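Listed next: structures, encoded as structure tokens.
Both complexes shown next keep subunit A, but they swap its partner, so subunit B is in the first and subunit C is in the second.
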Partner chain A sequence: MLPGRNVELYGGLLAVDGFGLFFKVFFLAIGIGIIAIALEYGKARLQHRGEFYGLLLFSILGMNLMAMSRELLTAYIALELLSFSLYVLVAYGLREARSNEAGIKYIIIGALSSAVMLYGLSNIYAALGTTYFSGIAAALSSPATDNPVLWVGLALLIVGLGFKLSAVPFHMWAPDAYEGAPLPVTAYLAIGSKAAAFALTLRLLAEAVAPAGDRWADWQLVIAVLSAVTMLVGNLVALAQSNLKRLMAYSSIGHVGYTLAGIAVLGDDFALAAKAVIFYLVVYAITNLIVFAGLASYYNSTGKDNIADLAGLADRQPFTAAVLAIGLFSLAGLPIFAGFTAKFYLFAAVADGGFLWLAGVAIFSSLVSLYYYLQVLRQIYIEPAAPESGTEGDAAAEHGGGHHDAEPEQDSLPVPMLPRPSITLSATMGVGVLAVIWLGIYPAPLLAVIEFASSAILPMG
Partner chain B sequence: MVPLLYYQLLSAALFGIGLYGVLARRSAVLIVLSIELMLNAVNINLIAAASYLNGIGRVIAIFVITVAAAEVGLAFAIILRMYRNRGTVNVDEINLLKW
Partner chain C sequence: MLLVLFAIRREQEELAKRVTFIVTLIPLLIAVFLFINYDRSDSGHQFEENMMWIKAFNIHYHVGIDGLSVTLVLLTALLGPICVLASWKIEKGIKAYLALFLLLETGMIGFFCALDMFLFYVFFELTLLPMYFLIGVWGGPRREYAAIKFFLYTLFGSVLMLIAMIAVYLKGDTFDIPTLIELAKTPGHALAERTFQIWAFLGFFIGFAVKVPIFPFHTWLPDAHVEAPTAISVILAGILLKMGTYGLVRVNFAMLPEGMDFFCNGEGRWGNSLAILGFINIVYGSLCALAQTDFKKLVAYSSIGHMGFVLIGLAARNESGLTGAILQMFNHGVISAMLFLLVGVVYDRAHHREINGFGGLGSKMPIYTGITTLAFMASLGLPGLSGFVGEALSLLGAYSKFKVLTILSTAGIVIGAAYFLWTLQRVFLGELNPKYEAITEINGREIATLVPLGILTIVLGIWPSIAIDMFREAVSILPLVQ
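Take a look at the complex of A and B:
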């Protein structure tokens, strides 16, 4: 596929262009990362492992089609393919009550959101007679179109997409689904389904609505308000969490808020926002991958996922602790890590687009998020490791000072070391950390590739 | 002919009734039934629009019927697992995950 040549498949339903190609490679890389996280976890805790990987592959197919689709029904079918696989994956812990509860909540709210999105699609079709993005753009650009059914349809479509992105009034499924799902599936929800929904939203807004000019300006304000509320709620509620997976859920809601701010400033002649959004998605995916890989290596060793359980991880599993520290610093947006570069580009694009107040809210939320990331790091690096863990705790307490005999060379309570992470997890974490630091210092090659991708949907940028 | 607006009002009314059902019902089976009602309201909207515009809305409606059937199959599989674990399909009683 040569740069600059765009091909359409199936009479305009799917677009084979730079945008689709970039996101397909991106989703496949995400799939490789999730499989690396799931290998050891699956052997220990999941039944029916074959179907797990099969569902993962189907959902990657759905994500690929979402990035390529140029028409509402194709986008909806691809979205449903991804969602159905995720509904089953979230409920995959068959004996765990939390996994089942997460599955119920996710599928009911997900089905509700897909019905809402479909109702929006039907209204758009009833008003315009077409569901192609180019047809919607043509209809919106002409001032003769003034059909209230069309506005209701567009609004419901954005509501349906907002559910998938877990933007704020529609985010209630996310913390429960993230906390109950098995850890690799939580990572996949955080990274994969969000990136795919953003790819679809980017293409939908850039091709269907942004060419409309002043009509788009009204919708920009709506998306900007959604983004501000999402950022604030996601980061403020995260301050009160004590479960790691739930904390990551609210943190990812905050990141969705930042990315939505970038989407709000999209414009037909303003492609910096599209590049910043895509760069932010890539950095967010890599950073979350290493954080979840670190959490997976800790969970594989101990089976615990509360923040307080991480106490003293720096002594027990130093490599994992370092990787978690780098990942959380990058998520908070501290320099030399990729999170800083991504946030810098994104907030600069938002400020350039005219939404200074939104950039201010984003910076404030970023500061707030630093607090809860540092809470986790405080547990890892500053809190001492608990001397006993699990069932050994009761036995040691009965024997009083019995554990002193086991480790005579230690002058104080011995630190229960954890086994090293497995080869695949270590490799994933190593490659991810290198990528985070490299993208933080020298993002230019990736930005050139993203330029190629975003110029396919915003040709004038 | 009956104006298109009447069909759209019927579809909106059914959609609203389905939405009320999803929000107010306690049994998971009835919630899934209400979601089916919402999807059928969408179908009415699509088919009415296609008849007036002589377009491809009928094909979209067939896709929607298929997706709705698959969704209900999945939902009932998960509800069945919940019933086997807990003995109830009352969604008020599943509250391990809070805040």
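Take a look at the complex of A and C:
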């Protein structure tokens, strides 16, 4: 790291500062995690694997640029680089109808949102005459620029970013894209593209808009409401899901809601929120990584991705089951896992920033989310494993009651063990679990690094 | 200790059980050490440890014990090895079961020692995770329903508690419990403001009320108790319920005295609230117990009734009431542990818990009948056994504040006697039910779990000072209202 050195490239378009560097390392780590998940999956189910990894690298480049850009058009181009790579990656399951459908839906909605965002950018430029973040901040601070064109521009910019983040009500593409995409790509969508979009939003709001003082206060309420709606819709609709990838889609929409709450309280004299958001992103990324790694290990062995199919995983692949349990409990925000510490940090920052009601909504949504995570865990640990010749009937019977007495013959059948997950998957899961527990108990080292990162964009660190 | 369990391979179950038993003896030994070395005349916190944990929010790893904590830590440490013994017969996945149990014990002891609100909350939640699995995987036929109900209900309560906790932090700027208690007493400080305290009180109260459980948040208890395996029911009734009441004393009473005053001072619309809730717990809990035909459910409802005594003693806010409440916490922990162990004995043999399905067991299992009679008598409050002292002191304290409610609550004692004696008659006396000609007497291991508890019951009934001495000083510095 280059502490204290802030270098500008290309005449101010990109910044090499603590924030940018932190996120570059973060995105590269995510890339490594995704590749670890994709290795075995790719060998079995993907064609043209070379291009797959190539696209992944391009998208990581896009993400890096997003974190470093200090100017609207550069950010836009970087965002497009990421998006285009993702459009193709989502459709990578060439022979699967679901994958193609997901890809087309994603492209159309993605293109629409990019167009909207570009229109917003052009409006901002028309109103202020500059697209540099620092220029925008200066222009917004002076009362002379009270221009309806500017508000339209900012609103459309938020809409565009909302699409990328899958905030409600711009989230409709997410469940389908997540469900149809190949599993490593779903993981990448959940972790990588969200983190990058948040990095961009953080820098944009912190450098360009937040310094504007009470102008910003108006927008804070808008973002707070968006955040509340996102959390509620994400968590409530997740309750009804039966497909794992769709469930994870709605779960990540819920998490986007929490993170947006943190962004809503950003302010020039309030840098705690930035640290909380970054910390939450890191914990969210690691936790989702181990959950998806667990799902991948199960999928690699069986090719199934419904919640009900997970029945009895505790006996069949115990390591995977334990990792999934830890990951899901962390996502739900149970103590000693990093998820709790991150949520606590975030919600306390939100309450401290003056939005106690939002913290309350967030905490309740967390409670709701526990229910659907528990449903998955119930399948893994409490439901008995269906015999290999099991049909839908057996699964339905287990789902309905779990009465031990009704199936005495199952106890005598040997448990159909699944092969152990591959070395890379096991290693990823192992490291991830250790990180989740470590960060839950002793987050201080990571928080110090994040302090370094956030002080680059919000001077009053 | 958990890691040691992982090291033992799945097949070596006997070894796992023995190792865990020895491991649970370690906290017990430490607890005995504490019991001996605890300075009875010091009202503050002893054996303290305080380290910086999360700087941004001024969160410390601050643990220590005072009179109230040490009593409950002793109880937890005592029930640890007893529950491991009670779990000897568990068949599948004993290693995971014991690992989860150790995690549970860690959470419980940590909770009673925590002196930083964040740590307090972390340990409070930490106990939920193992309980969910312990009930959900090793429980009875409706275990999933009971486990999820327990988890979500309790988490709902703790979520409210979290909001109240964050609000308190925002006003007090610290998470340190002793500091917060001091600040709340300082007139003029934001924390001491009455309206704020009332709302914070409510938040914390609902959180703890789910755990105690207080009517109307009690509906998870019968299901959880009935479906949980025996040893887990023991821990649930013995310790987890006390976590709620401990929280009520430590946070609601000590830290939010204005809020407590609003709900307990007998004036205004809400002044009788806590006392009324205590009364409902006692009478309603006992009436429900009277109606039960499932042995375990009967004991579960009687637990709700006994917790009512703790609540009404607490609502009185005087020395007698508080002493009675805390003593009742400890005694109920011991007695209900005995009761659930006893139910487990007969369930292991008959594989059902229908009270009307038994009869005349006394002729085949005399020792078991004797111990059960002791436990029943203690639970209904027979003078000379420990249950009486706690109940009597609570009611004595409550009488000076809430005369009518206290008099009405004594009905609970009568109803308690009714259902226990009736159960005694239905299960043990009368004609021997021919189905149980061959029933075996209580065995050595089971007796070993019950005897320490029985001895405590008798000793504390005759000489309660041993226990009261531990927390007398701690009670005296609470904001009592004579």
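The working rule: the second predicted complex is superposed on the first by the 437 of 461 C-alpha atoms of A that agree within 3 Å, B and C clash if a C-alpha of one lies under 4 Å from a C-alpha of the other, contacts with A are read in each partner's own complex, and residues count from 1 in each chain.
As a convention for this text, a residue touches a chain if its C-beta (ideal position, glycine included) is under 8 Å from a C-beta of that chain, and two chains touch if they have at least 3 such contacts.
Remember, predicted model here, so these are calculated numbers, not experimental data.
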Can A:Val88 be said to touch subunit B (first), subunit C (second), both, or neither? first
Tell me which partner A:Asn6 touches in the superposition: subunit B (first), subunit C (second), both or neither. neither
Once the shared chain is lined up, is A:Tyr381 touching subunit B (first), subunit C (second), both, or neither of them? second
Under the stated touch criterion, which partner chain does A:Tyr125 make contact with: subunit B (first), subunit C (second), both, or neither? first
Touched partner set for A:Ile363, first subunit B, second subunit C, both or neither: second
In the overlaid three-chain picture, which partner chain does A:Asn100 touch, first (subunit B) or second (subunit C), both, or neither? first
In the complex, the residues of subunit A that touch subunit B are 73, 76-77, 80, 84, 87-88, 91, 94, 97-98, 100-105, 107-108, 111-112, 114-116, 118-119, 121-123, 125-126, 129-131, 149, 175-176, 179-180, 240
Considering only the defined contacts, which subunit A positions touch subunit C in the complex? 272, 275, 329, 334-336, 340-341, 344-345, 347-348, 351-352, 356, 359-360, 363-364, 366-367, 370-371, 374, 378, 381-382, 402-405, 442-444, 447
Residue positions on subunit C within touch of subunit A in the complex are 53-57, 118, 121-123, 125-126, 128-129, 132-133, 136-137, 141, 143-144, 147-148, 151-152, 155-156, 159, 162-163, 166-167, 169-170
In the complex, go through subunit B and note every residue touching subunit A. 4, 8, 11, 15, 18-19, 22, 28, 31-32, 35, 38-39, 41-42, 45-46, 48-50, 53, 55, 57, 60, 63-64, 67, 70-71, 74-75, 77-79, 81-82, 85-86, 91, 94, 96-97, 99
